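For reference, the structure I am asking about is given below.
The letters A, B, C and D name the chains in turn, as written, and every chain counts its residues from 1.
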Amino acid sequence: MGSIDSLYDKIKRYLTSIFGGEGSTDAITGYSSGELQMAVFVMLLASLFRIFLIPLGIVLLLGAAIMVAYFAPIIRTVELENSNDLNRVLFWVIVYFSIILAVTLWGI
Amino acid sequence: MIEISLQLLGFIAATVLVVVGIAGMLYLDNLIKKLIAFTLLSDGVNLALVSLGYVQGGIVPILEPDASIFEFPNEAALIFGPGIVLTNIVIGVSTTAILAALIVVLYRRYGSLKASKVLKGDRE
Amino acid sequence: MNEAVTNLWSVPLLIIIPILTAILVNLLYNKTKAIRAISVGASIAVLAIAVLSPYGFHWFAGHPAVNSDGTYTFTASVFSWKLSLEYYYGPLQQILIGLMSLLLLFTVLIATKSLSKNLGPYLAIIFLTYVSAAAVLMTNDFYHLWIAVELGSLLVAGLVASSGTAYAQKAALKYTFFSALAGSGLAISLGLILGLTGYVNITDAIHFLMSNDLGGMYAVLYVAFAFLTLAWVYAGGLVPVHPLKSDVYRSAFPHGTVLLQTQSKLMLVAIGIVMLRLFGSLPFATDVMLVISVLTMIFGVVMALIQTDLRWILAYLIVSHSGLVTVGLSLGTYRGIVGGIFQALNDVIYMSILLICCEMLLYFGKGSTSIKFGGGVAKKSPWLAAFAVLGAMAASGIPPFNGFQSELILLQAALEQGLPEVAAVILMVSVSTFVALFRAIYSIFLKPEPEKTSESYVGRFKMPDVVFISLVVLLSISLILGVYPQLAFSFINESALKVVLVPWVP
Amino acid sequence: MIDAFMTVAYLMVVGVTIGAIAALLQKDLLRAAYITGAESIALAFLFHALLAPDLGLTQAIVGTVLMPGIIILAILKTRRHEESD
């Protein structure tokens, strides 16, 4: 079974189980294209590590591809993490801030 | 006993205020409590900025009529922190007023001060 | 030799006229005709000043720049300690503030047309929002930067809350709560930079950082950078706070969002340029900015794809396109900075077209702009449909419009830096913008109307003249910039070159 | 002399800390607002001790009158005690 085919089937089955219908409504097309965008983006981000070391980039790219196929429908998680709950945003800001501090102070 | 300078003491108090303020804003559920935590946070920032300008054994940065102009820059505390803090206090008051007004308006709508009820993440 | 003080006349006018208008309009409160006359007159005056003004400096506190031989000068190009609070009005400021004044005029016209209750305070907030963005763009010292950013964030909350719905008030409350963190962060950052260098003026601070070895104090500079990044992220609505900022964009009136998105993009450009000038040479600084921009682009566009409401789609697309602006700035090269600033300019124009179309849909549809609008609007208002389609084409970077030119420059800049991944993300954003917008536009405008709603919306929708004229003006600017982008480059080039080559010159 | 001054400073730091924590732990919101005012007095003294007397005066006025006043107004317009559930 081709992996792309099965990934698409997985996403479509997941989304139709949430929204109902035969898979061509507004919400489902949006969610599935968003899911594929996230998959591509995760792989792009993994491949960006080639700047430090080219084999590292290749390994991370393969790993990201496997992870994407394994955890396939991540769009609901992404949507949840992007929700406008005040405490969640505060939490993410504090995480971000500590990462920025760690990265920049690491350069000294 | 360990000798702690006044500046370090100020930084310690400021750190406590900032940490308490952020923790309060994160963990407390009541909107007015969140507002109080916000005032504590801005107090902590003010204290940190004032402590930044402190000079050990220095004088208040106001030039007396009979003071020496040449020794004044070496002795006086640094002025940049207070310059920011004065504005920061005023901005803190106006932000508090806006927040209080919004809290009152939302209380009239929802009949509750609980952030988990009023501010939960939802889409219209 | 000692020169006479020649302060530029236009800078204080650009700040004071909107403030006076805000006070006056607020006092008039509900007298619609007087408010309309005063506010339209003031915005035309501001537009004229922004267009006609020469370039130059305005010094507050009046300290002249001290030369090495003890004389003083006000010439900006020679090296000297400025020791003053100063405003600079140059080509970049002229084009951005001029565009913002044009949008202010349209916003005021539409607001006075569509609102009648509490018009005075609302217009006062709009004018003050304009002031905050203009001040951030022109200033060359930390105090004004900080105060304008703080007040700008409070005004955003006010502008949103004045739209009156419960959702808008919640969004305003969340955004203002967050200003506690960001505003305090900005204050601490400025305190640290001032403590490190001792100069309020950004030019002086950069001189100090370049000519003195900080030694072990570099850590303090990094902490200042981290806090300034937090304020940048907050003012522009980049990734960790983008849920709050998209709430804000969504729940204000669409004509208010025109000014809100202009303000936040101008602040992104202004604070981003200050960060590049101050911290551009630090290792990891531009990398952190680049990562934040890439995440903003992708999360904004993914969240836009999964929405089913035109207002939400526009809100998230504005966030995502802010990422396009900052990705250019954070590349740090000449071409990247030109692309980023040009993208901000284009973005403001085409998003305003789409937002005004959205305002018209709200006006026609009595409150609903969801994708389930029912379709058939194109038959009733063909002009509106044409404007929406053309605006969406400009937003997604289709050639005859301006979005194409800036995205091309951004792609070139990313490839020049050896970052094809970033170029791929820019392309993804462009394509997904097309998908998200045309999904909505198809089902609102182009889909045939269902039969059953025959009793409502009979006949054609009549677009107000004001809206028609503003859409035509914005669309023609978009076309002109798309065909002949050199018009804008002549304004942008100089400041981009300055940021790269002589960062201490404002 | 110096020691007495430092002792008072220590006391004020302790007061600021305890005031901050106590204000957030109160169930009665009105009392929390009063405690914020008391904490502001300690803060104003610290400003004074840190060679910024002008800020001490400002903080004393703003922190003890204006800020608790706004908070008390908000409490009077809403409710005095925290909701239990």
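Just so it is clear, a residue touches a chain if its C-beta (ideal position, glycine included) is under 8 Å from a C-beta of that chain, and two chains touch if they have at least 3 such contacts.
Since this is a predicted model, take the numbers as computed values, not measurements.
Counting C-beta pairs in contact, the pair that comes out ahead of the other among A-B and B-D is B-D.
The chain with its Cα centroid farthest from the Cα centroid of chain C is D. Taking each chain's centre as the mean of its C-alpha atoms, chain A lies 38 Å from chain B.
Remark: chain B and chain D have CA centroids separated by 11 Å (rounded to whole angstrom). Here the spacing of chain A and chain C, counted between their Cα centres, is 29 Å.
Annotation for chain C: residues touching 2 or more other chains are 174, 177, 181, 243. For chain A, the set of residues touching two or more other chains reads 83-86, 88, 90. On the chain B side of its complex with chain D, the touching residues are 6-7, 9-10, 12-13, 16-17, 20-21, 24, 28, 30, 32-33, 35-37, 39-40, 43, 46-47, 50-51, 53-55, 58-61, 77, 81-82, 85-86, 89-90, 92-93, 96-97, 100, 103-104, 107, 112-114.
Remark: chain B residues 22, 25-26, 115, 119-122 touch chain A in the complex. Interface of chain A with chain C (complex): residues 26-27, 29-31, 33-34, 37-38, 40-41, 44-45, 47-48, 75, 78-79, 82-86, 88-90, 92-93, 95-97, 100-101, 103-108.
Residue ranges on chain C touching chain B, taken from their complex, read 143, 146-147, 150-151, 154, 157-158, 161, 165-167, 169-170, 172-174, 176-177, 179-181, 183-184, 187-188, 190-192, 194-195, 198, 200, 243, 250-251, 312. By the touch criterion given at the top, residues 83-88, 90-91, 94 of chain A touch chain B in their complex.
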